[in-house]
Structure formats: C-alpha cells, structure tokens
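After this come two complexes, each holding chain A, first together with chain B and then together with chain C.
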Partner chain A sequence: MSRYLSILWTFARACLVRDMTFRANFVLECVTSLGWMAMNLAFYLLVFQFTPEIGAGTGWSKAPFFAFVATGMIINSVVQALFMPSAEELTELVRTGGLDAVLVRPLDAQFLLSMHRVDFSSLANGFVGIGLLAWAVPRLDQPPPPIAWAVYPMLILCGVAILYGLIIMLAAATILMGRNQSLYDFWFYITNFSRYPAEIYAGPWGGPLRAACTFVIPILLVVNVPARVIAQPLTGQAWWPVSGTILAALATLVISRRVFQSALAKYRSASS
Partner chain B sequence: MLAADEPVIRVAGLAKEYRVFDKPEGLLASIRGIFHRSSRVVDALRGVDLAVGRGEFVALLGPNGAGKTTFLKLLSGIITPSRGTAHVLGHVPWERADDFRRRFALVMGQRNQLWWDLPAAESFRLHQEIYRIDPTRFARTRDALVDMLGVRKLILQPVRELSLGERMKLELVAALLHEPEVLFLDEPTIGLDVVAQHTIHEFLRHVQRERRVTVMLTTHYMKDVAALCERVVVITHGDILYDGSLVDIVDRFTTHKIVTLDLEDAAAARRLAGCGYPCEIRGPQAILRIDRTRIADVLPDILRGGNVRDVSVEDVPLEEIVAELFRSAPARQAAQEAAS
Partner chain C sequence: MSQAGATGEDVAGLFVARRPLAGLRTWFTMLAICIEERLVYRGDFIVGTLMRFLPIVTQIFLWTAVFAATSRPDIAGYSRNDIVAYYLLTMVTRAFSSMPGLSGGIARSIRDGSVKKYLVQPVDYVSFLLAARVAHKLVYYLVALLPFGLVFFLCRSYLPPVPDVATILAFLASLVMSFLLGFFMEAALGMLGFWFLEVSSLMFAYMLVQYLLSGHMFPLDMLAGIPTGLPNVSLAEVVRWLPFHYTAYFPAAVWLGKIRGPELTASLVAEAVWVVVMIVVCRLAWWRGTRRWSAFGG
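Presenting the complex of A and B:
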C-alpha cells in the first residue's frame, strides 16, 4: 500500500512539475473551471429568486441545496483531478498501442492506467465546494449532528468510489472496442443525473429513472446520500441509504475490477 | 528458479489468431456494415517452437506482418495466445506476475515510454519507484548507463526537445535501470542515423556481454544483425522458416560469392563480361558472382588474365540473402507442408 501511495505521489509530483512548465495553461484551466462553476452557481441563485424550495416539501431550500451543490463539487473535483485525466488519455493509449508499456510494468495495471495523470487545476472546484459548504451549513435549519460529520467524509469517499468504478467500466469498454472516443461524453451524460436531488425524478418517467439510477447504475447515491446526511435532519430512515451507498460503492469497485481484468485479458494491442 | 543450463525462453506450439473485420468501400456498404460485418481469421503466429538460452542475442527477422512483434508481445505478456505455451524466466508471460515483469524489459523503437513533457530524469525516478530499485543501486546503474551512451547532459532536458536518436538512448537507459535478465527490443534503431546506430550497437553488445542479458531483437536493418547477433530466427507468415547461426544462413541460402575486381581501365573490365559468370561492370570495376564451390578454381585463371589491381571476395550481402529468403518463403513453406 505504501508503495502505491509513494508511486501516486511521484505521479502527482511529475504532473505538478509539468503543470508548472506550462503555467499559463494551468492558470487558464483553473479560471475556466472556476468560471463554469460560477455560472452554475449563478443559475441556481437565479432559480431561488423564483422559488423558496426545489419541489414542495422536499427540504431542498436554498441553504440545504447549496450544501448539496458543494458536496457534488467536492466529489467531482476529486474524480476530475485524480481519475478523469488518465481515463481521457486511455482511448489514445489503446488506439496507439501505448497500453503495451503499461502492461509490462510490475504494478497493478488498473492503478497505473487510472491514476497516472493528476489534474491539479480541477482541485480548484473542490476548494470552492468546501467554501460553499462552510457558507451553507450555518444557514441550515438544524445544524448537522456530530455523527453526520463523522459519516460525511466516508460517504464522500463512497461517492468517489462509485464514480471511479464507472470510469473503470468505461475504460474496460475502451479496451474491448479499441476505440471509444465518446467515453467522456457518455460519462458527462451519466453523471449529469447525480447533480440534482433525487426528488426531482418523480412521476411516470422520473420514477423508473430514479430506480434505475439508484439500483442499476447507483449514480443517484453519489451526491444525494452524503448531501442529505449533512443538509437534512438525520432520522432513523436515513441509515438505509447510508448502508446502501457503502454497499453500492463496494459492489461497484468489485464489479468494475472484474470487468477491467476481463477486458485486459482480451486486449489485442495495436500494430506497430 | 531456473537451472543455469535451462532455456530462459521456452516456447511450444505458440499460436495467435486475430479476427479482423473487412470494411468494404462506399457509403452504402458502410451503412450495411453497421448491421452485418464480414470477418476472417488471420494467423499472426502459427504454432511456433523455440528455446533461447541465457545470454543469447537472437535476431528475429521477417517481412512486415510476419509475426515478429506479435511474438515479442506474447513473450512479454501484453497479449494472450490462441494456443500453445510459453515460459520466460520460468513464468507464463500472460499471467503477468510482478516477479516476472520485474525481470525483463521491452523497448519499442516506434513508441515512446518516457514522459513526453518532462526530463527523462523524472521518468527514471518513477521507474525506480515502480521497480523498487534501491536508491544506491539506482544511482550507480543510471550513472553507468548514461555515461556509456554519452547522454548525461540530456537527462534534465524535456524529452519532447530531444532528437529521435537521443530519445532512443534514454529509452534504453530507462529499460535497463532495473537490470533485466531478458531484453526484448522491437526495432530499436528505426529511423536513427549511422552514428546513433553504431553507439547503440556498441552499448547493447557491452550490456549483453557484461550482464549476460538474454536479448531478442526484431529489426529490418541487417547492420544490427551483423553487429550484434550470433543466432538468427526468420519468421514468415507466422512460421519459423530458419533458426540457426548467422554464419549458417549465409552458407545455407547462397550458392555464390561476390568477387570484385579493380582493373586498369574500363576496357579491361568489359573484357571480363564474357567470362561465363554473371558480371556487372562499373567503370574499371567488374563485379562477378561465382559459384562458391568453384572460387578456388576460377579465381587464379582470372587473376592470371592480368590487369588486376585489386581483388576482394565477399559473401552475398545479408540484406540480399534475407530478401531472397522472404521472397521464396511461400514456396518453401508449401514444400515443407507437403513433405510433412
């Protein structure tokens, strides 16, 4: 474990050195990322000018909702910083045969492929998320109890784990198909569902969608469960989604690992 | 643990098939292809047997698409075979055991394994972490390798700013930092100038002799083969056509020698055109192809004819022998199949 952490640190260090080599690009990426986030926040502020709550009786008024948005920002920034740059590069690695060099290294291929690039500029959103959470929490009707603060970081990790598992399964598809340039698009469509409270998925279309995004692809658990623990009163019933999220994270990690291993066994490599 | 006399690489009946999809031309055919695609099976490697001992330097020769790189990819565990077995350093390569992957290296001339935007020193450091190389040993090996290749000044320069030859030298340093017992080289001198090729030849020869590294090299440059390899394996259409020494390949597949005569003038050279052997005239120079078995009889007669300033007798160039071998491969393979 310490060896993998040390290698991850070496990757991170090398990526930081590279980012500092292209400083203007790094600053531009931070500004773009923060700009996109600012536009989203402005849009939500606009929505709350017209309604006090998203969905009557759901509990997602302004402060809880911004705690929700902050939780999403923290989780997504970790994923975007640690895993997405590597996943985006994977398509090219498979297409050009660069994956060969990874497979001959005495190290877990999944680790190497999914974590060899770190995008520090994406962490900017995470810091904004923490700031937003610090703004929202004192404005909640009920302050989160200590148990909620204890569970929250673990659920954040579970959310990251679920998203990581999905990235790995998309990566496996890339290895099997030889080319999957829509990986990032598909990822964007899927994760879009996680950006809003689950309550908005209601009615004849929303109900089945909510079930699918909870039990089949557990994308709705990623942000909803940790955000709910912090932003809404912690009742006895809240523990079911908490345990469900932990189980979903474990299952996603195990299944994605198997899918990835099976894809690697079928890897064809590109002609030289 | 392998016994000292046991082969480091042992391969039996190793075969790799690929299913490839045909893509017919035209828009309509492309649309039809969405619903139905015709495919066929291509034999990249068909039941290869081979054993390589510790410290051998083996050249894998073959035309493009012969299966050389596929063979190296199977031996390094990148892909899995359709049939057959292989053991490298006592391991089944495609099981990808860490203990196995720590003991070999693969260098591909057409692919860059160093971090593109960073100095090679950063990639070396990463290599040290991945292969768990003791810091003292790492520093000693790195310094020895960079000095041998004369690239000490380059390791702090971003890789993207280096020339192809400089990059390849640094790729070799990276590959050898963990002191592998087996080295797979896939066209390591491709696109390099003669100086860089020569430096790499010297370096590889030194490394192989000093460390008893087993090396398998694929190349299209016969200079690489002549400079480095004692043993040659010729692969065509996924089969081994020849496995033997470099000296034997010349004896076995050529019937004549090249005799180059420098004469007094062009007229003297032209007179040799009627000597009964294939003859090429280049000014005052005559190049004859004479049967190997008859050289001793024929040469004195020619020299007695006079006007000869200098003479050289050489084997047919290796490029020519190998090219002929590749050309005649289908007929040879058909004959072998018929005989078996």
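Presenting the complex of A and C:
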C-alpha cells in the first residue's frame, strides 16, 4: 500500500512540475474552470429569483441548495483532478496498443490507468465549493450537528468512490469496445442527473428514474446524501441513506474492479 | 494545382465559378463523401444524438419542481410547457448554429502550416470551409432526423400548436441566418490564430460567453428584471444588442410566438446585419492575417 501511495505521490509531483512549467496555461485553465462554475451559479441564482425553493415542501431553499451545489463541486473537483485526465487517455491507449506497455509493468493496471495523471487546475472548483459551503452553512435554518460534520467527509469520499467506480466501468467498456470516444460525453450526461436534489425526480416518469439512479446506477447518492446530512435536519430516518451510500460505494468499487479485470482478460492488443 | 484527385480541381472550379456544372458536381461529391463518413458510424451517431437530449430530461424535472414550488402561472411569460418546448427548440437551433471543430481546425491549420495550400491554389479557404460545413450539416439533419423526431414525439404534449405560415417562414429564415452567423463568428475566432499561436483558451472563453448569452441555458426573457445600472435598460436588453442570442434564443422565441409583428421584422433585419458584419470581420481577418503570416512546417 505504501508503495502505491509513494508512486501516486511521484505522479502528482510530476504533474505539478509540468503544470508549473506552463504557469500561464495553468492559471488560464483555473480561470476558465471557475468561469464555467460561475456561470452555473448565476443560473441557480436566477432560478431563485422566481421560486423560494426547488420542489414544493422539499426544504431545498436557497441556502440548503447552495450547500448541495457546493458539495457537488467538491466531489466533482476531486474526481476531475484525480481520475478523469487518466481515463480520457485510456481510449487512445486501447486504440493504439499503448495499453500493452502498461500491462507489462509490475504494478496494478487499474491503478496505473486511472491515477497516473493529476489535473491540479480542477481543484480550483473544489476550493470555490468549500467557500460556497462556508457561505451557505451559517444561513441554514438549523446548523448541522457535530455528528453531521463527522460523517460529511466520509460521505464525500463515498461519493468520490462511486464516481470512480463508474469511471472504471466506462474504462472497461472502452477496453471491450476497442474505441469509445464518447466516454467523456457519456460521463457528463450520466453525472448530469446528480446535479439536482433527488426530490425533483417525481411523478410517473420521475419515480422510476429516481429509483434507477439510486439502486441501479447509484448516481443520485453521490451528492444528495452528503449534502442532505449538512443542509437538512439529521433525523433517525436520514441514517438509512447514509448506510446505503457507504454500501453502494463499497459495492461499486468491488463490482467495477471485477468488471475491469474481466475486460482486461478479454483485451487483445492493437499493436503489431 | 494538384493532379492527385478530382477534388482540388473541382473545388477550384467551384469557387472560380468558371464551370458552374462542375462546381455543382463537386458539391454533390462532397455531400456523398460526408454521407458515407457519417453512415460508417451511424449507430454511434444516432445514440450520440439521442444522448444529447439527456440534459433536457433534467431541465424538465427541474422546471417542473420550480413551478410546483411557486404560485406563479408563468415565469417571464413562459409556462412550464413553454420552457420545455423552449429547450427542445434550442436543440434544433443549436443543430444549425453550432460549429464543432471549426475555429479549432482553422487555428490548427494556421499553426501547423497546412493553410498554405489555400494560398497557392485557386481555392478560397473560407468558401471551401463553408461548403464543407453545409454538406456536413445536411448529413447531420438527415441522420439526426430519427432521434430528433423520437424526442419531439415523446415530448409532444409540451409543444404549442404549429404557428402560422408567416411565423414558420420567419423561423426558417432565422435558422438559416443562425447557421451563417455561427459559421462566420467561429471562423473569425479561428483566424485569431494568425495573431496568437495558441487560441484554445480564447475559444473556451468564447464557448462560455456563447453558452450563457445565446439562451442555451435558459430563456433570455428571464433576464428582463435584472438591472444593468443604465436607466431603463435591463440585462435582457443588453444581451439582445449582442449577436449571440440569434444562435439559440431567437429562433426558439419566434416559434413560440414570443417575438411578433414589427419586433420580429426588426430582429430579422438586425440578424441579417450581424451576418454581414461577421462576414466582413471574417474576410478582413483572413486578408490581414494572410499578409502577416509566415509558413511553418514542411
């Protein structure tokens, strides 16, 4: 384990050195990433010009909703920084046969393929998320109890783990298909469902969609559960989703690992 | 001139306009090539087009929740159904005005030197790109008809009744002009590559501005109540002075009957003026750029 941590540290340091070699580009990437985030926040502010909350009686008024958005920003920034840059390179590695060179190295292939590149500029959104959370929490009707703050970081990690598992399964699909250029698009469209509170998915179409995005692809647990722990009163029933999220994170990691291993077993080199 | 294939000669003929029939043949050849390219990955293409509607699913649920929590019958003149219809119609508009890869391709050809062939051949680069883009779009509509038709059929209860003929004609005119506006804006942006070696950050900034101010995110009428500091001028009015809203908001608003009568005529004229302005800017950028450009690459 310590060997892998040390290698991860080396990867991160190398990526940071590279980023700092092109400082202006790094700053621009941070600015553009923040610009995208600012635009989304402006949209949410606009929505709250017309409504006191998202969904009648859901409790997602302005401050809780921005705590929700902040949680999403923190989780997504970690995923975007640590895993997405490597996953994006996988398509070309499979297509060109570059994956062969990874497989012969004396390291775990999943570790190498999913964590060899770190994008530090994506962490900028995470810092904005922490700032937004600091703005939203004092404006909540009820301040989060200490137990909520104790559970929150763990649930953030669970959210990251679920998203990581989904990335690994998409990566496995890339290995099986030989080419999957729409991997990033698909990722964007799937995670799009986690951007809003689960309560908005109601009615004859929304109910089944909510169930599918909770129990089949647990994308709705990623942001909803940690955000709810902070932004809404932590009653007895709230512990069910908390335990469900921990289980879903563990299950996603195990299943994605198996799917990835089985995809690797079916991999046929594209190189000569 | 290259003798390697008929394309170079045909294209030259097309743009020099000495042989109109040969030019016409080239158009069809380009179209046929584009169709073949697209149809190779038709399954992936159809699924990809369908997937682009997924964010609308979220928007439908979001705005349904917003309307459920407010006592308003409408927001900025849009009922819930209007808003859903608006998002669907902006998908149609973006299918005309979005130009994926255009500015990046131009900037790359300037950077790697491949643009030089258009300087020594009797082929006008901008016209060639325009012709290729028309062919690309025609094929896109042909293949995307199925997913678009399916989504519009499933969402038919949100759509308003078909408007009168005059509105439909205005809508079609606005779509054609949104295509031209989108093309010449992106082409002009790509030509900044003559002055800056790397323009990817500028393109991303443009994409952000375009996404926000085009009305892709929300109907721009929602900005009507937001002050700008100028007396009696709201943010919505400032956005309407800019060309971006013609690439998403305007055609959708025309179909939904949000812009009518003299305002519609004035807006169509203004859109035509923006198209001419962007053609001039693009031509000027090409003319000035090619005069300062030095060839890189072998």
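The working rule: the second predicted complex is superposed on the first by the 272 of 272 C-alpha atoms of A that agree within 3 Å, B and C clash if a C-alpha of one lies under 4 Å from a C-alpha of the other, contacts with A are read in each partner's own complex, and residues count from 1 in each chain.
Throughout what follows, contacts are C-beta pairs under 8 Å (C-beta built on N, C-alpha and C of every residue); 3 or more make two chains touch, one makes a residue touch a chain.
Since the structure is predicted, the reported quantities are computational estimates derived from the model, not experimental observations.
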Thinking of the overlay built on chain A, is A:L5 touched by chain B (first), by chain C (second), by both, or by neither?
-> neither
If you stack the two complexes on chain A, which partner ends up touching A:M39: first (chain B), second (chain C), both, or neither?
-> second
Taking the superposition as given, does A:L28 touch the first partner, chain B, the second, chain C, both, or neither?
-> second
Using the touch definition from the top, say if A:R268 reaches chain B (first), chain C (second), both or neither.
-> first
If you count the residues of chain A that each partner touches, which comes out higher, chain B or chain C?
-> C
Touch check for A:A14: first (chain B), second (chain C), both, or neither?
-> first
Quick one: classify A:V216 as touching chain B (first), chain C (second), both or neither.
-> neither
May I ask you to decide whether A:A101 touches chain B, chain C, both, or neither, giving the answer as first, second, both or neither?
-> first
Okay, in this complex, where on chain B does chain A touch?
-> 18, 69, 73, 76-80, 96, 98-102, 104-106, 108, 110-111, 113, 115, 117-118, 122, 125-126, 129-132, 158, 186-187
Once bound in the complex, which stretches of chain A touch chain C?
-> 25, 28-29, 32, 35-36, 39, 42-43, 46-47, 49-58, 182, 185-186, 189, 192-193, 195-196, 199-203, 206, 209
In the complex, go through chain A and note every residue touching chain B.
-> 3, 6-7, 10-11, 14, 17-18, 21-22, 96-98, 100-101, 103-107, 109, 265, 267-269, 271-272
In the complex formed with chain A, which residues of chain C make contact?
-> 44, 48, 51-52, 54-55, 57-58, 61-62, 64-70, 72, 75-76, 201, 204-205, 208, 211-212, 217-218, 222-223, 225-226
